[in-house]
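The structure under discussion is supplied below as structure tokens; questions concerning it will follow.
By letter and in written order, the chains are A, B, C and D; residue numbering begins at 1 in each of them.
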Amino acid sequence: MPTFELGPNQYGKAETRLVRVERGAGGDRITDLNVSVALRGDLAASHLTGDNAAVLPTDTQKNTVYAFAREFGIDDIETFAARLAEHFVSSQPSVHEARVAVEQYPWQDVDGRHTFRRDGGEVRTATVHHGHYGTRTVSGVTGLVLLKTTDSEFHGYVRDRYTTLPETRDRILATSVDATWRTAAGPADGAKARAALVEAFADTYSYALQQTLFAMGSRVLEACPDVLEVKLSLPNRHHFLVDLAPFGLDNPNEVYFAADRPYGLIEGVVRRPGVAIPEEVAWTF
Amino acid sequence: MPTFELGPNQYGKAETRLVRVERGAGGDRITDLNVSVALRGDLAASHLTGDNAAVLPTDTQKNTVYAFAREFGIDDIETFAARLAEHFVSSQPSVHEARVAVEQYPWQDVDGRHTFRRDGGEVRTATVHHGHYGTRTVSGVTGLVLLKTTDSEFHGYVRDRYTTLPETRDRILATSVDATWRTAAGPADGAKARAALVEAFADTYSYALQQTLFAMGSRVLEACPDVLEVKLSLPNRHHFLVDLAPFGLDNPNEVYFAADRPYGLIEGVVRRPGVAIPEEVAWTF
Amino acid sequence: MPTFELGPNQYGKAETRLVRVERGAGGDRITDLNVSVALRGDLAASHLTGDNAAVLPTDTQKNTVYAFAREFGIDDIETFAARLAEHFVSSQPSVHEARVAVEQYPWQDVDGRHTFRRDGGEVRTATVHHGHYGTRTVSGVTGLVLLKTTDSEFHGYVRDRYTTLPETRDRILATSVDATWRTAAGPADGAKARAALVEAFADTYSYALQQTLFAMGSRVLEACPDVLEVKLSLPNRHHFLVDLAPFGLDNPNEVYFAADRPYGLIEGVVRRPGVAIPEEVAWTF
Amino acid sequence: MPTFELGPNQYGKAETRLVRVERGAGGDRITDLNVSVALRGDLAASHLTGDNAAVLPTDTQKNTVYAFAREFGIDDIETFAARLAEHFVSSQPSVHEARVAVEQYPWQDVDGRHTFRRDGGEVRTATVHHGHYGTRTVSGVTGLVLLKTTDSEFHGYVRDRYTTLPETRDRILATSVDATWRTAAGPADGAKARAALVEAFADTYSYALQQTLFAMGSRVLEACPDVLEVKLSLPNRHHFLVDLAPFGLDNPNEVYFAADRPYGLIEGVVRRPGVAIPEEVAWTF
């Protein structure tokens, strides 16, 4: 029997759902999180022989998430994730690297006291890597759905044998923003970054979703001096003008079909000149 | 070969995705809908022999949805749905009843001009039945997620051999509201009904989710004199206090596990005394 | 303050996920279920004042599901659901009616011993109502996706101002079968009913999905003498022939676009002559 | 205004749904695919100024997918994806790299003629990268759900302050396999690889899911001499034994609660000694 080798590997507890309530005279505050932990280290024995002497159970990781919420509170998701990642590495000799990814679901205060309404769709994110290189933090937002009814054109593109798309001087542009940003150290001002994304989407006259992407990334870099780079993934949620001519009707950019699939997908990084991406942050496995 | 009988039946085009843009000097307005049509009538031949002489294709129903958006605009989803339902019955001798169900996805204006942000999660609904009995309209909201951190107890319930649940004097109460309401004629003030639901959830000190349900329905009836009845479907989204004692920590109602499944599901109708539900409205098939 | 009335209402534990393993010398057997309970009865006090003296907690219902799996085993989902429904009514004076809905996820044996592969997509269902009228059982299958590449036409339909659909003499016909059937007493042979659905879909030359629906329902009635009626809900999963002419290519019914939305939805009941639907079974709330 | 830089970027048409029918005397054959294209190259102008002179529209990419299905047929998804990827790079001077990812949905023949049943859940995958380095192919399977009722233990793990998990000598082990494999050139025998995964899961007595993972990867390498490495992502779908003691019942590994979240997630690569991962294949963006 041939002998094979263990390559890159990791394990952890995914999607621990945690809600924390801070109770206060001036009204409660809730933090609603989904926490996923992944650890790397001395895991060969577990793979090769089922010897778990170096394995911190994923159940323990889940317990740690809950316990830390009580012991240290949750100031912001970046700090909470970093504390967890550093804990796993520093407390376990067998763990050399940790990645903690957090999704935060926003809630709106309803009565200034203790009632909240889930602000659906949009999610705040943070992913922290901790290892010999220190602590690397990437923050972001996902599920931020934006649409503009005009100020978007698309023409002048390459044509080949398979091109049938007519050029357009006025179309709906819609996307669901998935953005992440990275600083040299410490979390950026997430509210400011998010506002920059929305503003740039709104006020950029667009000749391509790529152009809008670059404008959005640039605006975050302008608004947040500590942000080094911004990565954007923008599906082009196509809205097709319906042909009403068969029914004797015109359609002056009024009635659209919102398509599900397929969709364009535009992805890119915008960064300050000279910024290099640390390899660890690309630890997407 | 035995001969069998065709029982109740219906057909139609489901989930036509329609976005309408009204362009104006003071800023655009968008209406984002998902429209489902179901028709009943002389459909026996189509079932028994494949003779489609009485069948209005579902593709035509889809076209009609788009054309009506242009011809008549969309004031509110109840009126739009009613217009469609009445059209199918009045224009097609073979169609005797029509049900048009509409979901409306809300968008927030971003720049007062032409950019919008999808207000995720919550959806406005309307279902219109039209037949020999006239036009019946049911309106509603779904996906309205609410949570209160306190003012909720649960105790004094039946205990049998299978009961292990401890009583609680203070728990998180969370739900995703699916509500519909019905008037004698014409749409109710949906914003007022929705606000009443949120307010009653917030200010009702709760001893059971059933009690909260009744309070929410009652509040809608108080706020909207034309509403005859309210139907509520309220999943009890359990938040379990995590036992931190094994880690030497207390947990003074601070750290919770948000569970997915199973969940309680509380459903009920609240109505003005003496109101009867017209059979047609229960046409859920 | 006006006083309002409590209308129809019910409550229960939804989606209790239960896996039962029967261990045997000839190999294990697993039963993988999702069980939802809804109860009706003397629930006014709970709604009006929060007095839960008549409320069997949904947590207890969940416990009962697990305990019954051990106490009585699970022969088939119809019997298991009936046992639960009857228990809640007979053991609780305050409970007058119970509905227990079960989904069963099929697994394939892999090694004749103790390993199984989830047979994805298709789900077996049973819904039992128990009340003063006795026990009513509806069984079914959902998520059974079928497609035929030919032997499907669609033409001869009504044309109005909004009709643009071209007639077709050869199209793909595809659907996801959601079927339920009902006997006078006791569960039908589910495997036989399912096989009849598939066979009728396969061998019916179709001029309308309605015709296929009727043929499928009839075939179940032929195959299962104890089945009184069959209800079918068949989405028409449109496959559109792609126009390749712009690329200098023909498309002899070979390359299709599988659309998501909108879709036709054809629903109907096929039954033995003279069969009446008991009102309780329509308890869809 | 500061000037920022465009970092890594790509664009393309995602999720083009294609069904191809091969019609033959011995029965038809269908191929059901979801195709996603991503291109890299001279895209700076499009981002910086909205000049699309180097942009092949995503709509054209979609057209190309459909046209190629007719022009060249689809022998296997690896060849189809490679043909597309190579076409985009060779035909467009501005495109330097292409990634084509394909999901294939399996269907079972029903009647030996033209009727098929969707074999739900499991999906075959292939991802091809083409660039100056040539063509790199990764194949796989996802959504393959496996469960074994015994022959799984978990003990001997690290214990820290946050550990409460009891050791177990007999548990259910269940996962949803997401596997990819890579050869030096050409597609591997996918059916053989998949069979190896299932067999190794079944016959490995497991002391850790990591150990099962390594065994599964090794078995693929044994069965498929041309496969260089296997990557596995295995969620640990926890099945918790229900405590029935409060009801006076034992539970001899018979009745389980199937949990949704959180779940363990075990990921790793198993490879032949000395195999290096080409950087391009990690192009996950």
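FYI, a residue touches a chain if its C-beta (ideal position, glycine included) is under 8 Å from a C-beta of that chain, and two chains touch if they have at least 3 such contacts.
Keep in mind that this is a model prediction, so the values were computed, not measured.
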Neighbour overlap between subunit B and subunit D returns A, C
Taking shared numbers over all numbers used, above half giving same and below half different, the subunit A and subunit D interface sides are same
Chain centres from averaged Cα atoms put subunit A and subunit C apart, in whole Å, by 37
Distance in whole angstrom between the CA centres of subunit A and subunit D is 22
Chain-centre distance (mean CA atoms) for subunit C and subunit D, in whole Å, is 31
Touching at least 2 other chains, the residues of subunit B are 17, 63, 67, 162, 164, 246-247, 260-261
Contact graph of the chains (line, ring, star, complete, other): complete
The subunit C residues in contact with subunit D across the complex are 17-23, 28, 30, 32, 63, 66-67, 69-71, 107, 110-111, 113-122, 143-151, 172, 198, 201-203, 239, 242, 244, 246-247, 249-251, 253-260
Interface with subunit D, subunit B side, in the complex: residues 161-162, 164, 246-248, 260-261
Touching subunit C in the complex, subunit B uses residues 1-17, 36, 38, 43, 46-60, 62-64, 67, 91-92, 94, 154-160, 162-165, 206-208, 210-211, 213-214, 217-218, 221-222, 229, 231, 235-236, 261-273, 275, 277, 284-285
